[in-house]
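Chain nomenclature is as follows: A, B, C and D, assigned in order of appearance, with residue numbering initiated at 1 for each chain independently.
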Amino acid sequence: MLKAGIMGSTGYTGAELVRLLEGHPEVELTFVDSRSYDGLKFSDVYPNLRKKVDKVCRSVEVEDVPKDTDVVFCALPHRISQQKVLPLIKSGFRVVDFSADFRIHDGKIYEDWYNTEHLDHELLKMATYGLPEWHAESIVNAELVANPGCFPTSILLPLLPLVKDRLIKSDNIIIDSKTGVSGAGRNPSAVNVFSQVNENVKAYNIGGHRHTPEIEQELSIAAGEDLKVLFTPHLIPMDRGILSTIVLPAENLKRHDIEECYEKYYGHKPFIRILEDGKLPETKAVSGSNYCDIGFVIEPRSGNLVIVSAIDNLLKGSSSQAVQNMNIMFELEESTGIEATSMWP
Amino acid sequence: MLKAGIMGSTGYTGAELVRLLEGHPEVELTFVDSRSYDGLKFSDVYPNLRKKVDKVCRSVEVEDVPKDTDVVFCALPHRISQQKVLPLIKSGFRVVDFSADFRIHDGKIYEDWYNTEHLDHELLKMATYGLPEWHAESIVNAELVANPGCFPTSILLPLLPLVKDRLIKSDNIIIDSKTGVSGAGRNPSAVNVFSQVNENVKAYNIGGHRHTPEIEQELSIAAGEDLKVLFTPHLIPMDRGILSTIVLPAENLKRHDIEECYEKYYGHKPFIRILEDGKLPETKAVSGSNYCDIGFVIEPRSGNLVIVSAIDNLLKGSSSQAVQNMNIMFELEESTGIEATSMWP
Amino acid sequence: MLKAGIMGSTGYTGAELVRLLEGHPEVELTFVDSRSYDGLKFSDVYPNLRKKVDKVCRSVEVEDVPKDTDVVFCALPHRISQQKVLPLIKSGFRVVDFSADFRIHDGKIYEDWYNTEHLDHELLKMATYGLPEWHAESIVNAELVANPGCFPTSILLPLLPLVKDRLIKSDNIIIDSKTGVSGAGRNPSAVNVFSQVNENVKAYNIGGHRHTPEIEQELSIAAGEDLKVLFTPHLIPMDRGILSTIVLPAENLKRHDIEECYEKYYGHKPFIRILEDGKLPETKAVSGSNYCDIGFVIEPRSGNLVIVSAIDNLLKGSSSQAVQNMNIMFELEESTGIEATSMWP
Amino acid sequence: MLKAGIMGSTGYTGAELVRLLEGHPEVELTFVDSRSYDGLKFSDVYPNLRKKVDKVCRSVEVEDVPKDTDVVFCALPHRISQQKVLPLIKSGFRVVDFSADFRIHDGKIYEDWYNTEHLDHELLKMATYGLPEWHAESIVNAELVANPGCFPTSILLPLLPLVKDRLIKSDNIIIDSKTGVSGAGRNPSAVNVFSQVNENVKAYNIGGHRHTPEIEQELSIAAGEDLKVLFTPHLIPMDRGILSTIVLPAENLKRHDIEECYEKYYGHKPFIRILEDGKLPETKAVSGSNYCDIGFVIEPRSGNLVIVSAIDNLLKGSSSQAVQNMNIMFELEESTGIEATSMWP
């Protein structure tokens, strides 16, 4: 049994991780850190976990982390995460970090987009970008896995195969994503008040969303040259799910070319589902699961390729992907503990 | 491995049953009957099950049911269900029926409320009302288990202990239930069109809902005398969940009396969670699970006891309760395959 | 033209009042007070009002209120409201107060339920409870109108005629109300975060909700004796609307008796709609309007009368009712400026 | 007073038209045609209109339309609409048609996209495309106004000024629209069942939506050359509203250029609101109104211009735009009867 602990367990992604690890057959959850709920039963914060999780939240300092802990998950906000991850790594723990703090290899780009100093540019370079379908070989030995952002996961999974094999050469990739409100977290704020977002849809942070640099970094690495994207996120009135609609020049590609490319990279991957001709993803079909559904249309009139992908923002976009990373780090079956299928409806 | 088949698999409760049985470690799902989708892959009807369920829907007649089938689930509408269940039972199959056709022991009451003839009053008397927390002893040997209605499950579980031990003697039990729209099924109709029910709440069938007689039957059996209830269902804009608010005279009961009674009947039951003083159920905490959460308040000013319960209407209110019944029928661990906890949010 | 000002204009009820007064043919809106948004254009806070309202929010002290102001609306939280209303009244302004501070005639009851001191028990006695269908005669001359709470409006309108004419004598009135989330206001808090209340329903404050004393006060006055109620509010995932389901002994009443009583009190009232036999209210039919829809069922099996009412919590439950009060105070046509019908859907 | 009648009054757009005309100070609504609800009170179909509309639905043949009718609105499905509109025009009535049957000037394009024969290609050429901000001069004398589609309204209003003045020259216009479910109408179907679309988002008809040709027709006329677009609609879980996100090469445009262009065409238009720098439209701010909100961002990294527009799909996207057309046809003030502002929330 792996011994796992969580720093920052009472946000939505932390709580989903608690739920998943509690049901993981190879994991013993050893501590659930929370500053805000120190001393409270975890199931008093998340009543869905009554009778399942009897742990009590504790404010855990790095020096209190038990020495025999195999892996520490940090589900803290960026900037705060660095301050925990650095000493954890120095103390020899393996870490899966949910924040943006270790996703961008280039410290300067991080500092530009996040408008804050990074405390350790060297560690940044060493960290592994934890997209398991692409970086399993680094993940298996990684000390520090930077769990990808939710939007980037939904965007990179459909694009990377095509970019890698140079089927796509365009530098005009238009991405229009729609996210459920849980992405805005559990802390009450102007952007997640029910009556402000229910019966409403809006775009936000056009061209300036902080997930942009990690999308561009991973696409550029795969392409072997710098790629830029236009990324426009939208907030829609539902709890969970991200749907990304990606448009780029079709460049005479045939359906078969793309299917073949996806088959090559994803044919054996357990959590990628390529939809057949005539079908398109919807978030309800992946909500509650670790799946990423991908469908596409070659639109002959405008000469564009339109790719649509769907994930659960809190799971494949965060917590279950973190477990997938852990499974790979410890050479367990990749899908252990995250096999759940979406319910319908 | 049990061999299980489903008649009527493509309604919401049928599809949830498919999902649950597919993940059940002791079950092999042998056929998924559907008249409407005959020949179609099940995952083309329910895209959440892509890569998980590769079965094809078939229109299955009773005579085509394989002889080595251990259990047949019928998830058909009332009236149609009888016509399948009768020959199945005669052919020696054990059946769990989701419809209302075998829940009411008294054929005349069935015929009055459902306004249709019942084809076999004798079989009706023999059928077991499949509320596992109360009838496990009959379920274990039952040929035919009538899976309870969703509202009755949410109402009987909190009331039966109090009625059984005569803590409650009133015949004025006021029940106000709120259900998500999935209870209206998947077939398009005036009552489940999005824009008619979204941003809306209404009461319906006041005093005349067909779940009333099974509520009264089970309460009356427990009480040893005839009990009547006033049951008012409401439709609210969400997918899943039933919350029942039950009011009755407190009759000088103390909190401790009720807690003790619940502990006696449910202390060892895996799927009932009694909430501590100051906490009340909410449907989000049980959605996706087989749990029933129960909380209560003794209101001194009006002298009433208010009990609130929450279930997932499609799971504890239907499909996972059916699996729970099957587990008991075949002497498996009661919670096998239905241990999933609700996600939050 | 009446000159009207608003203290506390940027909460949801304040903003709805701004919208209504802006379109009111007999009103000039002279100031919109807001401490939080001092200096900001009102339409920057409420973008629906772009091009309609060009007012700028100002933090307005009582001494700054222009002397020629005919009416001041206070849409401030209780406790804070008193501190504004007292000097306004002393300065000779007529006031419509949205808070609970002047609804309860008995200062001691106010202090018990609101757990705060009341600064002026004499003024409390003088204030008029602004339910226009019942107190128009006092409202017309009132210095201070206490605009009713949203739940009480939905409960008193259907009950008062029956209580007044002694058709109902019971002291066991069971009220189960369901409200949209806008009732929790615009300020972010644990109770109005989207992902905590979406796909969820719960009861809260059973027997202890602060709207209880004003319900009992008005019922008791009408009955000529003390009446108690059991009031259980529920939060459901929609923006607007309150549906109240009220159960009490039918006491051999016939449908005709009740219809006659409603006709007597409401036949000539513009905003009460009594539904015919077989029809029940739904909130969508009143959302956006000043209507209160009332339907009822006499349930013979249990001997109960079930009354269902629906209002828009922010309009008839607050802002448009305040305008209705103002219309009466200044002897305008009662429905001026609040004639809008609900949209569907 | 204009005498107006409605053919096909009981769909959502017909019913919204009834509501608007009922409150229009210059209109007398003379008949409300409905085949499905012949003989039923209109307010029994739309309970929001109780006490407001006492009309009874009648199945009205063209020969029954009173001779003194000034204008007939047809809110019927395409294909069926033609069959009513042709004889109405022949009988000399002025018609505003809600269907797609007269929006496309080229009969062959209509027949290709709608896969049905058009009965009168000549009349098609004569019909006026009823986008009031652009075609008021033709509308004023038109016999037949083809009311635009909901998506095209949201797309043409922001694009036409830029195309007309050749600020935009690209033929790669990428449009990603999100619509509420009311666009799918009131008749129950697989696409509007609550539990299929709630907590879900999906793209549909990529590149093949039937609103595409009218978008391209109007853009091409304005540009003076053929323009193509890629149009991808999405269905999101809300009642009302369309948000369109439009991406195209920025071509060195400055913010000021675009603002100036919008000011030139829309500065004096009552229902277009151009948002200032830093603000973006949201559907809640226009829902219930005839406004179209437009905001934009020039994104320097990718060199794209991103325009976002928001309308109420049933109002500016249909019924209130039809009233705006009628106002122009009969030389009333353009905003008469459709001045309502959106509520918030």
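The rule we apply is simple: a contact is a pair of C-beta atoms (placed from the backbone, for glycine too) under 8 Å apart; a residue touches a chain by one contact, two chains touch by 3 or more.
Treat the numbers as computed from the prediction; the structure is a model and nothing was measured.
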item: Farthest chain (mean CA position) relative to chain C; value: A
item: Pair sharing more residue contacts (C-beta pairs) when A-B is set against A-C; value: A-B
item: Separation of chain B from chain C, taking each centre as the mean of its C-alpha atoms, in whole Å; value: 39
item: Between chain B and chain A, distance of the C-alpha-averaged centres to the nearest whole Å; value: 36
item: Separation of chain A from chain C, taking each centre as the mean of its C-alpha atoms, in whole Å; value: 46
item: Residue list for chain D, restricted to those that touch at least two other chains; value: 12, 180, 182, 195-196, 198-199, 237-240, 282, 284, 345
item: Residues of chain B touching chain D in the complex; value: 12, 180-182, 184, 186-190, 192-199, 237-239
item: Residue ranges of chain B in contact with chain C within the complex; value: 172, 174, 176, 178, 180, 195-196, 198-204, 206-207, 228-230, 232, 234, 236-241, 243, 245, 247, 280-284, 287, 297, 299-302, 304, 306, 308, 345
item: Partner chain D, residues of chain C touching it in the complex; value: 12, 15-16, 19, 22-23, 46-52, 182, 199, 239-240, 270, 273, 275, 279, 282, 284-286, 288-289, 291, 293, 314, 339-345
